[in-house]
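Each of the next two complexes has chain A plus one other chain: chain B in the first, chain C in the second.
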Partner chain A sequence: MAYVATRGGERAIEQSERLFRSEMGAIDGARVQQVKESLPYLVDRVMGEASLYDEYLAALALAQTGGELYEAVLLLRAWRTTQPRLCVAAPVEQDRLFTHRRISAAFKDIPGGQVLGPTLDYAHRILATEVLQGETYEPAAVDPAETPTPAYHPGVSAWQAENDLVDLPEPDAVLGNDIPDLTREPLLFPSKRAHTLQSLARAETGGVLALGYAAMRGYGQAHPTVNELRLAEAEIEVKHPDGRSFSAGRVKVSQAEVVDKKGEKLGLGYAATFGWNEVKCIAAATLDLNSPGAEKGSPTEEEFFLYHTEGVESSGFCIHFKLPHYVTFQSSLDAMRDARAKKAAKPKPNVTEPAE
Partner chain B sequence: MADTLGTLARADATRLKGFAETLIADLGQIDVLQSRTGLVMLPMRDTAKGVAFHMGEVLMSEAHIRKGDLDGYGMRRGHDLEASMAMALVDLALSAGVQVENCTAFCADEAKLLAEQDADTLRRIEATRVNMETF
Partner chain C sequence: MTLKTLTKPWEAMSYGFLDGSAKREMRRKMLKSVAVPGCQMPYASREVPMARGWGTGGLQVSLTLVNPETRVKVIDQGADDSVNAASIRRFIARVAGTPTTMDTLKADLIQSRHRIPEEVLSEDQILVLQVPNPEPLRPVQPNMSIARQMHADADYGRMWLQLYEQIVRSGRVMQGASYPSLVNGRHVMTPSPIPRWDVPKLHMAKHLTILSAGREKRIYAVPPFTRVEPLVFSDVPYKVEDHAKLTCHRSGATGFFMNEIPQDDGSSTHEVSDSEWGVKAIRVRDGEKVALGETWYKDGEMPQ
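Let's look at the complex of A and B:
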């Protein structure tokens, strides 16, 4: 591919950026705070795709880009490169998640029961247009229960393993800096499982949904049933210099397990991400469930879905087509003109008129 | 996990800074080894295959101080170097035997508040428990 250097756009470029930013106006701390408080699910989505957890930074990126999600994620991914890595925390275990929402579509009576948590699943989808007429939309307050729900729940798959429905492997002993890390090494195929799941955790929600949905509609090998879906808070377990472990705070995470029958047992697909984003997790877990043995070039084949759901790369590649392609395009035009000229120069065959 | 450190890491930042201020004079000379922001990579255990994978990085503030051969350490979420330093001061005071009663009382009060907040959250979640019947 060839590009051509052009001159003469400096002022236009500067003014175009000003024009973009003028729509958002001045950005201050109050606006960032407002974005953070009023759009928590959008902030979660951006943190997940950026694989950088800080609500204020994510809200700032959204404010600064006017909600242009690809730009917001790119800003955050770029910013993270300016920071040192302090350490790698201990792996978050499912049964240590401070759980806000936990449901199963596979079994109604899961150990610990089902709690819906925060969801619009059963809400009427009615736009509150009265707000535009000057009224205030005041959501009804939650009536809290007398007793708190348990914060921690066992995993559904662990319970299934006890009942010989799934085969669960022993936890892998790889920890800390030995865990494969896509931010420090390339994604190669066949992908290491840690790379696959990290890549899905960082993937662009819409891309994951599109390919996961293709698998759900039949362009895959397995039909997912949601074994367990959790929205929770995970502890960041780090070490004091004297060796004591402690939680340095919590972050919101989502996790989904989907199942399908595989012979006499159930096959499991898994995904998790930063923030509360259950659509992404269910779709990503569906891709994980479908990937073993998937046909090359199909939406459920690992290389296909991991490459095509990396939002920064895919959006970057897409928008690069706006850059001047004058040389390549002129070359195509030249070829067209040449073909046309050759056709025109060719002697016309002698066609005799039919007799009247 | 060490509960005191966990409490200090989640304690209210304004109260923590205010309390740590009261320790500075009694702590005397201390060395600041580190006061910075950075990222902590957070891995998660995949329940299907048992593999730990990286979900992403969390912005943290870290402080590491020393008095003699005793370490004080603070690590908290977000960008607040004063709060992580305040945590390190309380940690060091506890190790060095400085105002131990006050420090213990402060940590106990904060732990109680955090437990109340969690209980309040969990009561609101319990309200969404489904007791399903099938027909």
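Let's look at the complex of A and C:
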């Protein structure tokens, strides 16, 4: 069996995986807890891209992959897809979102008020190097407001609709298991509205940003104004088999609504995702805003941006080029060599002066 | 009736990893793809514990088809011990408890990337080909929804034009692997990136071939005894790789698809790409008694 023994593929892959894991060492519950507490925005991003809301599983995936984000998302998705769908929660209405942060760039003030909430937007981005000198960086305590902001707010677009500035989309009456589910059906084009929003919700943040940014810079027709950006918690309202509704808990969600003038009305672009991820929502909503009527093959066309922001697919395909391709390469070489031989064998035509 | 009689004990994973609803969808789509040979059927394509582009489409087919008695062979570039083939084989055996083999003749199901074994497959064998890009029209039409319409209309004009342009520019069709082929006289498919050498093995074959692209979420099939005709002009015959006269430097076998191995002195040697066929040839040479299957190619020629 000399032929096979010279390679020893199985042993090699086993050892290479061990080598990777040895860098991270043992993983225990304490480490998962630490990842969850110290990196909530990373956990959020991973949960959004995996379309699975579970902070502990997401933290575990991050710990297990050493923060290799694409791997972490794949781990969660592969786990998620085997889980039964027990039930579908009731739709979440805008004014039922427990809101932590809600801002609008369209108006100086909005009904319900601008709520800054938690953000680094106005922070001076200075590295706390003193920590590396042995000091502890202790964030200053938050001074609570005298009157707390109400937790529930209507959408800004609701006011615009009242004032005939925007046509809100027709309410979708489809409920429960009849809602098209992108994780159980293929994405086909023109895409169902539910599929588009689901696909953007689980899209890879960097990918959405790249294409959204292209649209913002001028490769799209519509220039976004952030009508409303929200970080909130949504109630998961499910039905008990005996008919009673109850809350199964809250999940962090973020959403962005962007607008642009479209004739005499405003055009709307929307995106939402699990976890708090503002960049992704604004970029995704911008793509959504630009997609109606976009030219085939342009970055703002639905098929183009939905396919190419799918992080698990794109990263997987990218790294697959590491796999051996020597059979296909050999096949190409054969065609190339043959074409070259044919060319060499062909008698050279007499080169004459070009016609005057 | 109690809750206990209605439920099963908790298990971390379903048999064969995929849950029942995923397998049911796979079975339906496989039947559909057999019913319309060469036509790409969209499917949900679940995530599996492997990266997209690494055989996840083929894997979902294999995981759906196997039972604990199915003898599984997995190859990549023709080799059983190629790292990813080893990984997939280990995974199937781990989650489905299937016996594995490297012998083409003993396998019930063969999952392969980029090759069809050199020994003829029989009626009771299934070949599962991993497909990176299921769309033969991609080079002339990258938009999936337009390409889908073109298939529906059997609108293959641009495909022919592309082949014609290659002949005009280079004196021959420059397509390497993945040679576009007409299935059952109706749908043009890509046979996956198998070399041109392997495409005639699909024509009127006794076995069922299922081609599955996990990342692109498309599945299609070549049922037994189905015509698979590479797209060629009547005056420019189909040409497989010029490997008929090459000899394997390890086994001495001649007349099969070879891997080219560059040498320090600037020359090349060759070895049989179908690694198990190479192993058999070596064992025969060393005087062992080995069951050799009939091969598709005889003396480097595919009988018509």
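Note that in this section the second predicted complex is superposed on the first by the 322 of 356 C-alpha atoms of A that agree within 3 Å, B and C clash if a C-alpha of one lies under 4 Å from a C-alpha of the other, contacts with A are read in each partner's own complex, and residues count from 1 in each chain.
In this section, a contact is a pair of C-beta atoms (placed from the backbone, for glycine too) under 8 Å apart; a residue touches a chain by one contact, two chains touch by 3 or more.
Since this is a predicted model, take the numbers as computed values, not measurements.
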item: Chain A: partner with more touched residues, chain B or chain C; value: B
item: Chain B versus chain C as contact partner of A:Pro169, first or second or both or neither; value: first
item: Chain B versus chain C as contact partner of A:Val43, first or second or both or neither; value: neither
item: Touching partner for A:His240 - first (chain B), second (chain C), both, neither; value: first
item: Partner chain in contact with A:Arg193 - chain B first, chain C second, else both or neither; value: first
item: Touching partner for A:Arg80 - first (chain B), second (chain C), both, neither; value: both
item: Touched partner set for A:Leu57, first chain B, second chain C, both or neither; value: first
item: Contacts of A:Glu257 with chain B and chain C, given as first, second, both or neither; value: first
item: Intersection of chain A interface sets (partners chain B, chain C); value: 80, 83-84, 183
item: Chain B-touching residues of chain A, taken from the complex the two chains share; value: 47-48, 50-54, 56-57, 80, 83-94, 98-101, 103, 108-109, 113-118, 142-151, 155, 157-158, 168-172, 174-175, 179-183, 193-198, 201-202, 234-238, 240-242, 244-251, 253, 255, 257, 268-270, 272-274, 288
item: Residue ranges of chain A in contact with chain C within the complex; value: 1-4, 7-10, 12-13, 74-75, 77-78, 80-84, 183-190, 296-297, 303, 307, 312-313, 315-320, 323-339, 342-343, 346
item: Complex contact set, residues of chain B against chain A; value: 1-3, 5-6, 9-10, 36-60, 62, 64, 71, 73, 75-79, 91, 118-132, 134
item: Residues of chain C touching chain A in the complex; value: 13-14, 17-19, 21-22, 25, 42-49, 51-54, 56, 76-87, 90, 102, 113-115, 132, 142-146, 170-178, 193-197, 215, 217, 239, 241-243, 250-251, 257-260, 273, 275, 278-279, 282
